[in-house]
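First chain written, first letter: the chains are A, B, C, D and E, and each begins at residue 1.
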Amino acid sequence: MSWENVLIVAILMSSFLPGVIIFMLPERSTALRTGLNLFGAGLKMALVIVMDLAIYYGRIFQMRLELMEGVELFLNADPLSAMFATLSSALWLLTTIYAVGYLEGSPNRSHFFGYFSLCVTVTIGIAMAGNLVTFLLFYEMLTLTTYPLIIHRGTVESLRAGRNYLVYTFGGGGIFLFAVIWLHTLAGPADFSAAGLARQLVESEAPVLRCIFLLMIAGVGVKAALVPLHGWLPQAMIAPAPVSALLHAVAVVKAGAFGVTRIVLDVFGVNNIIELGLMPWLIAIAAATIIWGSLRALQQDGLKQRLAFSTVSQISYIALGVSLADHRLALIGGLVHLIHQGLMKITLFFCAGNLAETLGIHRISEMAGVGRRLPLTMAAFTVGAMGMIGIPPTVGFISKWYLCLGGLEAGNQWVIMVLIVSSLLNGAYFLPVIITAWFGKQQGPWPQERKFGRLETHWMLLIPPLVTALTVIAAGVIANAQFSPLTWVKFVVQDYSH
Amino acid sequence: MAFADSWIVVPVFAPLTAALLAFLVRRASFFISLAAACLSLLAVAVLVNRFLVNGPAAYAVGGWDPPLGICLRTDGPALIMLVLTAVAGVGISLYAKGYFTLRIERPSRVGRPERQERFFWPLWMLQLTGLNGLYLSGDIFNLYVTLEVIGVSAAALAALSGKSASLIAALRYLLVSLLGSMSYLLGVVFVYKTYGVLDLGLLQAAAAPAPGVIAAMALMSVGLLLKTAIFPMHFWLPPAHANALAPVSAILSGLVVKGSFFLLFRLWFDIFSPVLPAAAFNLMGSLGAGAIIWGGVQVLRQQRLKLLIAYSTVSQLGYLVIAFPLAFAGGSSQAWSAVLFMASGHACAKIAMFMSAGTIMLHAGHDRIRDLAGIRAYLPVTAFAYAAAGVNLIGLPPSGGFIAKWMLLITALAGHQWLWAVVLLAGSFLATAYVFRVVAQLFVIPPDKPVITRRRAGLLEWPALIMALLSLLLGLMAPYPLRLLEAGQIVRTAMTMGGGP
Amino acid sequence: MFLQTLQNFMNEAGLSLVAGVPLLLAAGCWARCLRKWSFRLLPLAALPALLAVLLVSPGLEIQVKWFFMGGTMGIDASARIFLGVSACAWLFAALAAGEKFRDDPHRHRFAGYFLASMGGNFGLILARDILDFYLFFALMSFSAYGLIIHNRTAAAAKAGRVYLVLVFLSELAMFTALVLLSARGEVPLAGAIPGADLSPLLIILLFMAFGVKVGALPFQSWMALSYQQAPVPGATALAGAMVNAGIIGWLRFFPFGHVVLPGGGVFFIVMGAAAALYGVFFGLYQDKPGRVLASSSISQMGLVTLIAGYGLLSEDAGMSALPLMTLFAVHHSLAKTSLFLGYDLVDRGGRPADAILAAGLLVPCLSLAGLPLTSGAMIKGALKELAHLGGDAWYVFGAVFLPLSSVGTTILMLHCIGLLRKRSRAGPRGKTTVIAWLWVLSIAGVVLVPWMWQPLREMAGYSLRARTVVQSLWPVGLGAVLAWLWLNAGGRLPGRGRPSADFDDLVRWVHVRFLYMLTLVTDFLDRLRDKIVREPFRQRGFRRFIRSRGPARLERMLGRWPVVFLFYLLLSVVLFMMMLTAAYQKSEVG
Amino acid sequence: MKMLLTGFDLLLALTLLWLAWQLLRSTDIFKAIIFFICFGLLMSLAWVRMHAPDVALAEAAIGTGLTGPLFLAALRRIERKAGKNMMSEPAGNGEETGSRWKARNREMSPLLWTVTALTCCLAGLLIWTVLIIPRPLPGLADQVAGSLAESGVNNPVTAVLLNFRGYDTLLEVMVLLLGAITVWSITHAPFPPRVPDTSPVQKAAVRLLLPLICLIGGYLVWQGAYQTGGAFQGGAVLSAALVLLLISDFLWLPGMRSLPLRLGLTLGPLVFVLLAGFGILVEKTLLRLPVEYAGPLLLFLEAACGLSIGLTLAAFFAGGRPASDLRETPYSGEAKGKGPAES
Amino acid sequence: MTTILYSVTGLLLFVFGLFALIVCPHPLRKILGGNVMSAGIFLFLVAASYRADTGEIDAVPQAMVLTGIVVSVCITAVALVLSTRLQQAADQGARRRRKRRREEDAGE
């Protein structure tokens, strides 16, 4: 058990153990619970950074546990998984701080934070999965850990949303299990490798593999909220803000997108998919989701619903980037958007949470002139929104820029067309929000205003969005710096470019 | 034979003597029973590591060798079930102690809980004797007697609660098990008439598709199917399990049903497998499929929690039986070991579920699912145990159920048997529906209900949690029991060499 | 010696200071504590730019590796001129703003937006690679929005809305154009694109991207609204400095002198001419000085488009069009700055004697119209030369059109002076503040700059020749006569002055229609989904089947002994027969 | 001689079948029980015919001797409870909506037709199998004979029962004990405090018969080692004595304190278990008896088992645990409201 | 010859008992059927091992039958006690319902 194995297990345990202990804690001991939470998050962040450095200098991190003969639980930290793990642990640290502030005084928090930590452990597990079986294991556990979070409020709507969420995710999970097993019978136990499936297998079993691929994409697509399967996402907005922040930016939806990436790059291998002629399908689905998500977002008056639909469309950028993976630029664009979307979306949700928590605002029509009352929150929101639209110097611009270049390099013009129309639509549903917020006139008192002393809102609710907003700009401005997301993605793409 | 060799006898004799002593010394009955359960657990542990060291062992009782005397055998499958029964035995004993102490504090009818407790322990010990006897025995007539012991003690336990509904169910259960044992006995007679030998090892050697054996297998299989409550003949199980006391339902659902299933499994796969054609296995598979779908549909109809869990047993038993055609076609040992692995996983989960249902009923006073909202406020550990057991039933990753479902699906897809694969998936979807229907109720705390964790009787909540976590742990430590089963393969060859020292 | 060290310093850090100082001050404006200081330092923000223009050695280029995908800043000949002009314009506007907003409660907010757009403008001029260009262009455009709606009136909000929509469209067009342009290299190419053969789509996109800034024909409606609604210093900045951004864009991205784009050239010429004429007629309708000035900008920018069009027709036309466009930009922004200062003076009521006012206003107007000895005349002459290079057909067009446009401009300018004098007479008398001295200085600038500045001097010499004087004199004279006649005849054209529906109503109409159609589609899809998924699942489907009596009756049926044991017997018989047949086959086969 | 025997067999078989058929068809359950008793007696006759004296004795003593009275006692209790309405189907399995199996007007619903058809078909198959099974293979007779010497008894059946397959018998005795425990756990012995008017004849007969029955029982137990007889048969006869006591005025059984009864019931199995333990200690294998002491040990075991079997069968007849043991207050209406209803 | 005759009788008895157990609704009759079934099986068992020619007795089937008889007695006894207790509980239930109805009538 060299220190590499220990590190991987430590990363997983650093949120699992606090989670289990928090379950035990009685409701009263808030200090201990918050301390444990933050300690776990901090420790995980440190460990992940150490791992990133080590990976950068070529160390290999692996851990195997034999489940059945021929099937094993394999954790492997390659650059791609390190990227997703870093994103998850960083955003988890911030979301924990935010959640502590957000849930002050609300009932059954031990239960909430317990599942909160478990959910991140599973996300890190998904990130570090080394083969398809481990990925499936953690993928299905994710549903288990996120369901209690969604129904945390206990109201009838949250129950219905929870039920809907289960129907979708378990349906997807079942299909994904079926496809994984079918592939397992054909290709035997195979770890994730850039080469993907064996060539002669692709020739001999083309129709079956096509069917398996579509099933897998459908299975993973539920969590990645691809068009026909995205129904659960807007309804899951009933959950408290930190949950929807975590769900949308880090855990569930990102796990789906990461799943699509793994399947296309590491399970099937890009060339095999092209040979099977499946790429056009994937591009079509991604494009359709991008446009449909943005269109639906236009219609929503609820702020969180609008953000949810914008997530639906933004996540498919990653799918689009991955589906053009044979062109280096598009792949860079797709993967870097994995991080950028996380940063931007979590900022937006933090701000939406602040609005709901401090002023009781849930609808955009109520947001006129809120910029005056919550200037810093709305500044963060504006930065996030600008990122979403893709205005430089935010990170959003960079990922859109690379995606467009990739699309151009791939030669199909209408990929750029889709991205431009989507930016237009993004502008159409984000700019009015910003304008009403900053330049609108406040009509009447806020629904439920709460005072938090000198600051505009509780400091724990204010710091995270500001930090993420700054990162949105910083990661954009210093995109070429040594350890910016863009350089890391280029480092990741090295072993996929052939 | 060395003294150390007689550990094999302990799992049967310890509960036996405990039953006698418990019946005599009523005050100390709990401690005697717990001691017996722990002793048999220890014995099973010794047997397991001895089995791993030098393979299957045989033990001629009374010193007479097989054709004349009775011989006790330990092989892979038997040991898995022994371990399961021993562990469940300790868990259920603890739970029962907690259950009865609480019931005696707040009796609904003066004197009834005392009666129930006084007679629970001897009957429970006899049940354990029968089960361990069945798993160990190597003689076909002796299996009949153990079946009878299990049948009568199960009916007695079911009738313990004294309500008229449970009495009706107990009577029906008794008559059904009478009929099942009688047809099994007729099968034994046919076997004896054809081969003139009662020992399983010798029978396995001589097994050939003769008419006598065919009649025997037909009667025995149908009798055992009836006793295992497989799909068309499941009418007696739900009322019996739902109306019995909580520890009793756990015993019935978790262990008793598995006993007769194990015998069916041994007959079909171990002893008379050459006699059985592929069509028979597919018939069994269709029964299993029927059980999964029909059980699933019925579960969704139930309004009471215990009935829901009982019908889910009917559905889960379908999983065990659907594995027969897979094992036969697949040929690989995967589906073969998957069956028993799933049986043990399901047993742990079901025991945990009934325990938590019992605790909830004691606490809430009723088990109408609609009014169970927010139980987690009062019983967090029980709610979590129920959820963990549910996870195992559905077959979600961390649990043993997942590994079993995985193995079954692998064999089904490798053998291109799409129907069974689709039924397995449909089954897990139905399971998701009925588990989460209850979990959603348990876990969601309506805003107005405050969270107070008054410490209930510890003994009520923790055994349920331990059993539920055990079913989850099975998922992670799957290789160890599976290695036991793989070793089981050698047994078949050993048996054919006319086993016994 | 001091100059030497200053020059070295400017060479190293100077360029980043040019854009950096305004942005830092803008940030200062937002921070509560630094507000007072940053507002007071407002006028100084433009100084680094002026210093850079004077001191930085020509052709300097610095590469800032870490900044936004490798930013490169540099000064070349045209950038120096533009920077100089913009710096002057921003300086004048800043001083005017300092004066005007001294006691306005929201001055910090205005200062913040003002400084941000200033920083964006300077950065835009200095940016050498297209990504930085795009970054600063976006920064300038979006912060200018703050200037327009500063007064928070409904009309200002409407103007802001129109401006924002158009700017957003231009951003998108520019993004697409940049992507298409930089198809080859991953890192965007620095400076003008050598010899790129631009496809028609690209030409339209570039026209659209910078046409909005310049007020080209289809996108000109925001100019009139914004100049009127924005506070005058803001309007000065908009008209004086930000308009040039459009011209710089065209200069950067069109390969003047390298590639001939006949189609593009014709398109630009037609749009330019149309814009020029539209500007004049639209201006004559207006009764507000802000709108008239806006329409004069539109017509002048139409001329610039014309020059660009000619530049695209042939290589040598392109070579000469480049400096001409730069000169035109300088000439136009100086004139506009002084006119707006005059308007600000009049607006603030510090009214000098009527005669001085008339004379002061007359100088920039006539220079715009092209009076000999002014920069306008030089440009007109050079323009005639350029038209000659563009081939005979266009020469004739040039020859006819140019005098006509200068006549129109003269009429428009005189109309504007009339309005300003009317307003100054009506307005209250205020004390002459520093704005007046600024105004006089700007007038001097208008007259002297063409002569002082070395690159413009040889152009001036050409305009002194008799023939060009005569050629530029008669249109001005004719224009003056017509204006005098027209002013006496009532001074206003019939009609309401503004078209009934403008761009904002168009946008709202499109938005409402689009949402309506979208809800139609989504309702249809929801109904469809209910029919396919939820309906069977809930009504006729699985759940009803579960609740219905069917399964209950079946279950009760299965609860009866005879039925159950019917299956029992059936099973035993079937099993028996199966095994028998199997044994029979095996024995037969075996 | 052979013809006579086959004739006798044929007659016996036919009567047995007729009795079974009558037993099922008769409407009145009392009549059915009487048929069942005759059927039992004829069965023991059949065992005798097939040279199985032990089984015949057991069938006579237990199969009919005790089961008959059990049925009659049960019928009386059910009738008295149901207020004398003839054959009213008790709640039974409540929603038993199947066709009323009235012996007389048996309208054969299609369901019943199929059940009968299937039963006949199954019967046909089984009989066909029996007919074509080749000559029966040599059973275990010679092995039993071979090792009879070491078993300590010379009646082969007892040898098999107690020594060769002692494990089976142990479990069987435990089943009996299990039955007793179950009966006790279900209800109290439903005996009236005082049997009103036992006729003097009955009292005298009981006083006379008791010692005789005990003597015969003891002898049977003793004889088991040599010829037919043994613990079960002896025990059954002893139980007859106890049943007599129960139905006459010596009602001490229901009134007795439960401990001695419980001791009596568990005596047999306890001895058996001790013997098994002894076997392990001495011979290192379960239930293995040292050859020289096998005889007396088995005899001691037989005696103990006989006694406890007698008591158990009596307990079956008593139909419940002694009145004094584990009283339960009758079902009080108001209890329902209070604490949680028991599950 | 006798073995076949008695075996067939045994099987027929088994089938009769099975039929009775299945069809008769009354628990007592079902238990009677059970007993007939077991008697049939034992008859078949002993008949199967009866060797008319050699005449010596194979003890193992007899031991099995003895055990079988004892076990079936035990089951019969339990079943009978259960059905009596069932009847008793049903009567108590009926009495209670009648009492409550009377109270309600009295109450109105």
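Criterion: a contact is a pair of C-beta atoms (placed from the backbone, for glycine too) under 8 Å apart; a residue touches a chain by one contact, two chains touch by 3 or more.
Fair warning: this is a prediction, and the values are worked out from it, not measured in the lab.
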Target chain C, source chain B, minimum contact steps: 1
Given chain C and chain D, the chains that contact each of them: B, E
Chain occupying the most central position, where position means C-alpha average: A
Farthest chain (mean CA position) relative to chain A: D
Identity of the chain that, by mean CA position, is farthest from chain E: C
Between chain D and chain A, distance of the C-alpha-averaged centres to the nearest whole Å: 72
Centre-of-Cα separation between chain B and chain A, whole angstrom: 43
Chain centre separation (chain B, chain E; CA means) in Å: 27
Inter-chain centre distance, chain C versus chain E - centres from mean C-alpha coordinates, in Å: 100
Multi-chain contact residues (two or more partners), chain E: 14, 17-18, 21-23, 25, 27, 31, 44, 48-49, 60-61, 64, 67, 71, 74-75, 78, 82-83, 85-86, 90
Where chain C touches two or more other chains, by residue: 559-562, 565, 568, 572-573, 576
Touching two or more other chains - residue numbers and ranges from chain A: none
Chains grouped in pairs wherever the two touch, ordered by label: A-B, A-C, B-C, B-D, B-E, C-D, C-E, D-E
Chain C contact footprint on chain D (complex, rising order): 93, 95-99, 111-112, 114-115, 118-119, 121-122, 125
Touching residues on chain C, where the partner in the complex is chain A: 65-70, 131, 134-135, 138, 142, 149, 152, 157, 160-161, 164, 168, 171-172, 175-176, 179-180, 182-183, 186, 511, 514-515, 518-519, 522
Residues of chain B touching chain A in the complex: 374, 376-377, 380, 384, 391, 396-398, 402-403, 405-407, 409-410, 413-414, 421, 425, 428-429, 432, 436, 440, 443-447, 450-451, 453, 475-476, 478-479, 482, 486
Footprint of chain B on chain D - complex, ascending: 91-94, 125-126, 128-130, 132-133, 136-140, 143-144, 147, 163-168, 170-172, 174-175, 177-179, 181-182, 184-186, 262-263, 265-266, 269-270, 273, 276-277, 279-280, 283-289, 326-329, 331-332, 335-336, 338-343
Partner chain C, residues of chain B touching it in the complex: 179, 183, 209-211, 214-215, 217-219, 221-222, 225-226, 232-235, 275-277, 279-280, 283, 287, 297-298, 300-301
